[in-house]
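Note that the chains are named A, B and C in the order they appear, and that numbering of residues resets to 1 at the start of each chain.
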Amino acid sequence: MNSYQVAVIGAGVVGSLVARELTKYDLSVALIEAREDVATGSTAANSSIVHGGFDPEPGTLKASLNVKGTAMMPALAAELGVSYRNNGSLVIAFSAEEMETVRALYARGRTNGVPADSLSVLGQAELRKLEPNVSDDAVGALRCASAGIVCPYGLAIAAAGNAADNGASLYLSAPVTAIAKRDGKFLVTAGPHMIQADYLVNCAGLYADRVARLIGDDSFTLRPRKGEYLLFDKSEGELTGHTMFQVPTTAGKGVLVTPTVDGNLLIGPTSVFSDDREDKSTSADGLAFVRETAGKSVKGLNFRQVITSFSGLRAVPDGEEKDFIIRFSERDGHFLHCAGIESPGLSASPAIAVYVADLLRDAGLPMRPNPRFDPCRRSDHWFRRLSAAEKNEVIRKDPRYGRVVCRCETVTEGEIVEAIHRAPQATTLDALKRRLRSGMGRCQGGFCTPLLVELLAKETGKAPTELCKGAPGSLLLAGTLKKGAEQA
Amino acid sequence: MKTRELTCIVCPMGCTLRVELTDEGEVAAVTGNTCPRGAAYAKDEVLHPVRTLTTTVRAAGTDRPLPVKTDRPIPKEHLFDAMKRVNSLQVEAPVRIGDVLLDDLFGAKLVATADLL
Amino acid sequence: MKTEIAIIGAGPAGLAAAVAAYDAGVKDLLLLERDAAPGGILQQCIHNGFGLHRYGEELTGPEYAARDVAEVRKRNIPILTETMVLSVAPDRTVTAMNRQNGIFTVEAKAIVLAMGCRERPRGALNIPGDRPSGIYTAGTAQRFVNIQGVLPGKEIVILGSGDIGLIMARRMTLEGAHVHAVCELMPYSGGLNRNIVQCLRDFDIPLLLSHTVSRVHGNGRLTGVSVAEVDENRRVKPETERYIPCDTLLLSCGLLPENELSKGAGVPLDPVTGGASVNERRETAIPGVFACGNVLHVHDLVDFVSEEAHLAGESAAKWVLSGAAGHAERSIPVRAGGKVRYTVPQRIDSPETPVRLFFRVGSVADNAVLTVKSGQTVLAAKKKRRMTPGEMESFELSPAVLCAAFDAGEPLTVSVN
């Protein structure tokens, strides 16, 4: 049995960053993930916004960790080679009354510690100058210059990979189904593995309440809240520079219109409670709502250029809990919850990781710096970021980098093979997509899927008929044809 | 007397053809056609429908199959039997486009439609 | 690298363009192909029915392609395979990448765009529901079955009655799968009658017209689809929704010319065809850049692709041989009217030679009258018993008609009523 000082349950963006933060110290760390890959839950499908921090209620963990996390994000993204863009955000007002809300948000932002030079209230003329495609009905906006966009699953993958590079053990396909305590240590049943740990950090996302129940802690319950989105082709990526929110009203929070770090345009989300924690379905009504509501913010949304729709679930605490749930369990002082991380969880995640480390230190975990810690991970996108001359140098040594497999996103065989073998190892089509964007372009995998199947089979030694799209059971093929003599 | 309805495939018009068959199974009349080619098609299609089979065969030493076809149409009712025979076949390189792989598949030859080198 | 004419894509269009350009006198040519072998999509179209117009016989896709490849090889025209063109600059510099050469540029005097098209994916169709595996475009399934020898699924529903979907219904059935239904959003099929008869009726596969897939179900692999009738505005009638258990949904919902390179080069596109706007020689608005085949407009028959590519290749060669000389002094725009959705070419630069106009209608037209007008004057007319959106129509304009149009100086309008 493998034994660790800390085991982190759940490899979404929060769990992965927590695990990485802990490898900064001379600790043995495990990162345990139920699914076949990291970043498959809320991290895989959300708005990908790094919020300014003017929205959360002052005095909450949400407020302080958001502001801190957003400030940490540029440097962290650089270390981990993750796509991040400081594009700023706008909260658009459509009436004088909504302008009042804009001013109130400005004041709240200042209370929360958002830097003064980052916030400004814009009138109609200034707004139009900044964003020519903004709706004619917009009368003004709150601008937040420190807000940005980041690739959420890219961040989680890089953090988990960097944690593994720095010595953490990564367990995939290891759902935690039982937690026992023996001789002061936790015994965790995680799929085929038994893992021993002094401390557990519960970063299980949508399932954090169920993991809590495994030690008899029912202090909180989570409810999934679904958000549906539409993604546009890169041809539409410059419709807006800023992330555009709408002023929250009694009718709802509105939907956002934002460029993505990859150059696409994203609109959404809806916000509807769901009873199914695996429900990633989209609905005709939901998508119609998104189309209609987004159309209020900007002119010229070209729905013919929509390349896909998707939905994500946020883990929202039920009942009285309004803040992030980051505290030791009342049942066990070595069991730390990191739950209910809904928006602005992505923005706050770098600060949550530091906060978790601080709580563990305060609880008595010895934390000496790890002298071998390397904060940097080579980006999964390292090759595509090279100059032509540099690429040629790479191709000369390894010609696989000269063969393009995904034509829409220009992903080469070399990059795919590397992603299959590098921690956290990609074993499915979706895992490759999250790392390299293969199949994420305008043809949505029409051309590259058969090629990726061949490469995955060759590199993992599996038969094509064993390969999955993503989730367990999502087999890609039903059988092999032409068995020749065997068939006769 | 029996009647069968068909869609003509001779040209884009797609005429709906009605074929009257005698109790002996002979064509008594074709209506609905707008040209003689349609009548001829209806007769053939009712009395002895034939189809060209195009599929693939297993090639030794590779996962990639080799495309093949029957060099002439075969009776429609034998398509699945023909598939069974083709699926049990395995060919060895080299094969050239047009090479005969089976001499008699329900009255047709099975030929390669691509090279296997 | 330098070449007289760079041809992007070695499918049927690129191959025919290369041969025509060579035969017209330009011997220094280069074909750039992203796949491992020339032939394009024909390699996986193992069914027959190709070549009736061009060769007077029915060939399979690989056989049709092999004839063009043989002609190219006979002329020793080089083909760089597994070579992805990354960009085309307006000055006709092509940047490409492959294993042997890394990233390299080709400076060409003329370029023929022959990149073909892609299939409309699920996302663009906005089908609501889960995100399971087992949803493929028909062409992806075709590659799996015919090239890679694997079966994508066993219980199949097909959305869209385009020809590739119909062909795959038969193909999957012959390989042991069960095709439950083909749903077509429109009240008529976009596929050829022959395919409806020989791919669906032969195997008792129902064709559900005015139907769509309203939802997909399944968390791992697809477990089923909801199918519903649509009203005349193509909206789902909820009361007609029913569930069909299946493990595979194939999409055959249209083809989109793949013009990202053209856009990058600044070639203006026709919003209806999705391809470049061209003159009668298939020259785009950028001098020396030509386009042909499915990248220009989606064809119904490969024979017409070859014919168009021949014209484009020959035109590119003439352009090079004439010293890359200038542009037309006058040109007459060609516009679509009535039931006509688009025309190719979209403009005519010279009245001296006959021009064959290609077009498609937007809906079925029975006892149709095709007219070509210059302003209000009817220059030519033709009757046709039936025109369907699935078939490409054509009409030849004589030099006499063209001269009249050039004299009048007004746009030509092609309409069907």
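A few remarks follow.
Quick note on the criterion: contacts are C-beta pairs under 8 Å (C-beta built on N, C-alpha and C of every residue); 3 or more make two chains touch, one makes a residue touch a chain.
Quick caveat: nothing in here was measured; it's all calculated off a predicted structure.
Remark: the per-chain Cα centre closest to the mean position of all protein Cα atoms belongs to C. The chain with its C-alpha centre at the largest distance from the centre of subunit B is A. Rounded to whole angstrom, the centroid-to-centroid distance between subunit B and subunit C, based on C-alpha atoms, equals 27 Å.
For this pair, subunit A with subunit B, the centres built from the Cα atoms lie 54 Å apart. Between subunit A and subunit C the centroid-to-centroid distance comes to 39 Å (mean Cα coordinates, whole Å). Residue positions of subunit C touching 2 or more other chains, listed in rising order: 145, 147-149, 175. Annotation for subunit B: residues touching 2 or more other chains are 56, 58, 65. The set of subunit A residues that touch two or more partner chains comprises 481-482. Across the complex, subunit B is touched by residues 481-485, 487-488 of subunit A. Interface residues of subunit A facing subunit C in the complex, by the touch rule stated above, are 231, 235, 278-284, 286-287, 306-310, 388, 391-392, 395-396, 399-400, 402-404, 407-408, 410, 442-447, 449-450, 453-454, 464-465, 468-482. Touching subunit A in their complex are the following residues of subunit B: 56-58, 60, 65, 87-90. Note for the complex: subunit B touches subunit C at residues 6-9, 12-14, 34, 51-56, 58, 63-65, 67, 69, 76, 79-80, 83, 97, 113-115.
Those residues of subunit C that touch subunit B in the shared complex are 43, 46-48, 58, 60, 62-63, 66, 145-149, 171, 174-175, 192-194, 196-198, 201-202, 385-386, 388, 391.
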